[in-house]
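Take a look at the structures listed below.
In the two assemblies presented below, chain A is common to both, partnered first by chain B and then by chain C.
What follows is the complex of A and B.
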């Protein structure tokens, strides 16, 4: 190309610099500053920012609600991974291999909750759990199980499991599609030769389908973990606000409360650092564990 | 016979799940036309008369109307800004190999893996110091930046397949690199731009938490924040009908969008998710 070096660099700067500057200001700087803020006691007014070292971290390790929140976050992670993986794997196999004529219909329907806003999903499910007019209690009453009805989101032991259901409901579609993509790439001949060898469909599923779509399974599981640790608090915030008591508090909702309601921004940032570290550690562990299983095959 | 049985065994879970997805949505639509008394006395039945009062109440009394317009504003502006930020960068990273281009690309990609939660507190103070809190332009810009890495990721695979000869021919004809980028390459990646923009628009339309933190007056609220407020108020005033109507107003644009762009959305979402 006929252009001087100077012109080339000018063009590169034009392409890259504005976006990169904005990226640094609005994405990189807040992350770094968040870690820095966790070392301060700060109510948000610039005058009374006090350096306290690791005091916020000491406080965090002695905070009972943090323990509860971490437990709840991992309760979400485990139940969502199991629930979503079983259901979406079943649906993916059913819609690709079991010769269901109306498969496209199910695909379109199942994916729809994935593009609804969490706010809408949360409010809708609040209604579904509503003690008097809600679908769940209504359904239980109509089939004669009146004794099972309860205020689901207001109950100490049922609130947390009740929150998992909409999270799974809204998550199935995306992972089903991901797994379907993997299954459709498996060559037909694999199954044909297995059939000649007399392998049952169940054996084919475990010996062919699962190992060959392992990359997709692994990606899905890690993706569920990341989005759950960093996003499930929105559902909590909308449906229960962490209650009853602190029964459904998760790290993200607790961060919001501490920072933007109690104005303890330093402590809020400390919780943010905890979320960051736990997410990275969990993903690293999963990378390691899930990789080993692939080598076995 | 066994064929019929296995067919049934497969279909029953599929049908049950379809009902679980569709029924709450239908219930929501029906509820939007009922009076409060009717919602309580017969939550399951069809409405006796179809009244649109709930929609008027939600739109006017509960400010869903103004938040609807605000949401359209940030969605459109955010989507356009995101393209303006991403297209030149993607072109430079994908097509003008330079020292560090791979590193920069990976920096953008890696930032998608890092939780944004921690950054929200400093972001709040950053915008406060810039006097940009409660400002829909600022919110759109923040949205746009937040989706830049994802957009670069989607666009780069499309730009990689634009034939190099086209660019070279244009350059030989004396076209400036700016011309090559905007008149030759950008139109060639139209599909990628559409895919990324649809997904960005859905993300912005649905966004809740940044809006909650960065907006402060009711007249500026976007749909997510306003729906959450409406939901809280509805419980005190038992304005259930208006709440159902608000939900319908928030969901209908998404349904229409999904109906039109179903293929793009599905393809982009699955490709975007593989990034993990």
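What follows is the complex of A and C.
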């Protein structure tokens, strides 16, 4: 039976409209409203607000903490992309190619942090880093490296790197599964013929695995960038509250402080616009840099 | 034009959450208006009360509302309460449909912001006629006076909260450690404890440096230069930060740092973590507000006895300084039942309610002349504090006057700068000279000088 055009469009509308409406209400509207509110001096607590044009933007460009927050955000982005990609790729290859008997078990274990709330992860790692009773300092002491112990989250130099570790730890599982899906789709015959041709495992990895799962790698990297720019503030908020001083402040935590603690909602919205713009620009650049011809063997 | 439309659509979106959060209060207002008629000099109708539930719990509020209902049976009190109530009620305030009475405390509530935004009722005339227990005018019965903004009073100071230094008096007694009265004896005490117990005797949360600012610096500023210096420094007056007093105070802080008396991991710890350390005798002094015993009630060891002193940053011979952190109660400008709201606020300020407050919260209401000594249910440390407050001499009370308008914005930024620099100096990253210079520079920048 051939569907009439009308029927087809009706069906499409039926499928798309609810999602589109939800998207408009919960994504487009808040975004547009956020941009709109960034033009106001508003406490966020009352009906009074004053239009101030680009005053908030001028202030933002002169705010030294913004510069620090942007640096910290990109520190997260870079270290997370490198850390998560290397580790998740390693585990994905290990669990699919190396014929580990307990692979299903590890798959579940590595995915575990993903089903845990970020809040729980933050508190858990706070205990791990605890200066007196924490695991890290305990381990260092037990292997005779007592001089290396320090209050990790309370150190100006080490707080930021210390926050990256749980962020990477929590991210591995999801991307490992994504990459494993890609690897398992590669026909076994390709590895077999490569082996017959005398290619080492290392060569197989670079010449077969990586090119064929490139779309998954690219998606993972972009996803890490976006979630990092938007979401790293949760860990910061829980583990260090932006401290010590402003050392671990990221754009999200600074936005929160301004909008909800200092009652400068308009300025908070301005920082939100900055996050939006930086995220878009970063993703566009990445799309361009990571562009590769689609490979098929 | 667009403004209205957008506002309306914003409201409709927030309506979803509003219905869920405050559904019971969205009764139609026409019937409410009709109910509000004063019958025979009494008050009636619905009264909406918003109160934050934090370290002090909600026992006092519940019992106060019960007692109020007995005296005013025609008033139906609708409570909006909880630890997140300020967030939950935000949409009501934004849409100009606030509750009648609001207790301003906790995250997301700020009296200065509410006054700035014109959300609170001017209580000046009404409050000046109130009396405490029938004799003295209420406005003269406060420990810390009601705050005046441009000559008007927008809130009544309900809870007398203040920051100071806590110690375990049982432990101090057992070890024979003296309780300090000024900076020199405090420094000596900390050094003794350091060598006796082998601990770093001072801790404060580095995650929330406002504990150090309000618990140590503000009393120090007040002790050195009274309310003038306290307010000028907090408001970012350049000359104040360039003064000798400011430098002297920061030098005292540096002395504590240089002597290695501060917990090494303080910057990593939250307020609850530092408080746990304090309870476990890993440190001896901690600057926190009055709510500490109540907040840590479940974790306090049995033999632990809370002792409280105004943070001894004063020079010897000077009085110790307390800077109250008052939690006020106010009536919304747009209150739908102002008569009931006034009756309820007036009802709170009585001897009976003040006794009940000390019993259930372990803190005191902001009223002079309430004798707690005979009340068995009030903790000992509180009786001591209450006595000190009512018999001035050894301690002085200094009030921080919150600025409004643009000055408020400067004060917010100054607070943020003090917090950041406090961590720096406590970690030994900067000196006292660098601290006051950074603050003077920031003040200059904020004032466009």
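In the analysis below, the second predicted complex is superposed on the first by the 260 of 297 C-alpha atoms of A that agree within 3 Å, B and C clash if a C-alpha of one lies under 4 Å from a C-alpha of the other, contacts with A are read in each partner's own complex, and residues count from 1 in each chain.
Keep in mind that, in the parts below, a residue touches a chain if its C-beta (ideal position, glycine included) is under 8 Å from a C-beta of that chain, and two chains touch if they have at least 3 such contacts.
The shown structure was predicted, so the numbers you read here are calculated from the model rather than taken from an experiment.
Once chain A of one complex is fitted onto chain A of the other, the partner contacts of A:275 are limited to chain B, with no touch recorded for chain C. In the superposition on chain A, contact is made by A:12 with chain B only, not with chain C.
In the superposition on chain A, A:151 makes contact with chain C only, while chain B stays out of contact range.
By the document's definition of touching, neither partner reaches A:85: not chain B, not chain C. In the superposition on chain A, contact of A:226 is made with chain B only, not with chain C. Between chain B and chain C, B contacts the larger number of chain A residues.
Looking at the shared chain after the overlay, A:33 reaches both chain B and chain C. Of the two partner chains, chain B and chain C are each touched by A:25. In the superposition on chain A, A:140 contacts neither chain B nor chain C. Contacts of A:262 after superposition on the shared chain: chain C is touched, whereas chain B is not. Residues 25, 29, 33, 44, 132, 260 of chain A contact both chain B in one complex and chain C in the other. Looking at the complex, you find that chain B touches chain A at residues 6, 10-11, 13-14, 17-18, 20-25, 27-28, 31, 39-40, 43-44, 85-86, 88-89, 91-93, 96, 98, 104, 108, 111, 113-126, 141-142, 145-146, 148, 168, 171-172, 177-178, 181, 202, 205-209, 213, 223-224, 227-228, 231, 240, 243-244, 247, 250-251, 254-255, 257-258, 262, 265-266, 269-270, 273-274, 276. The touching residues of chain A, counted against chain C in their complex, run 25, 29, 33, 36, 43-48, 129-132, 151-156, 159, 240-241, 243-246, 260-264.
Residues 1-3, 7-8, 11-12, 14-16, 18-20, 22-23, 25-31, 33-35, 37, 44, 87, 90-91, 94-95, 98, 100, 105-120, 123-128, 132-135, 138, 169, 172, 174, 177-178, 181, 219-220, 222-223, 226, 229-230, 234, 238, 252, 255, 259-260, 265, 268-269, 272-273, 275-276, 279, 283 of chain A are the ones that touch chain B when the two sit in their complex.
Residues 6, 9-10, 13, 90, 93-96, 107-108, 110, 113-114, 116-119, 206-209, 264-270, 282, 409, 412, 416, 420-421, 423-424, 427, 429 of chain C touch chain A in their complex.
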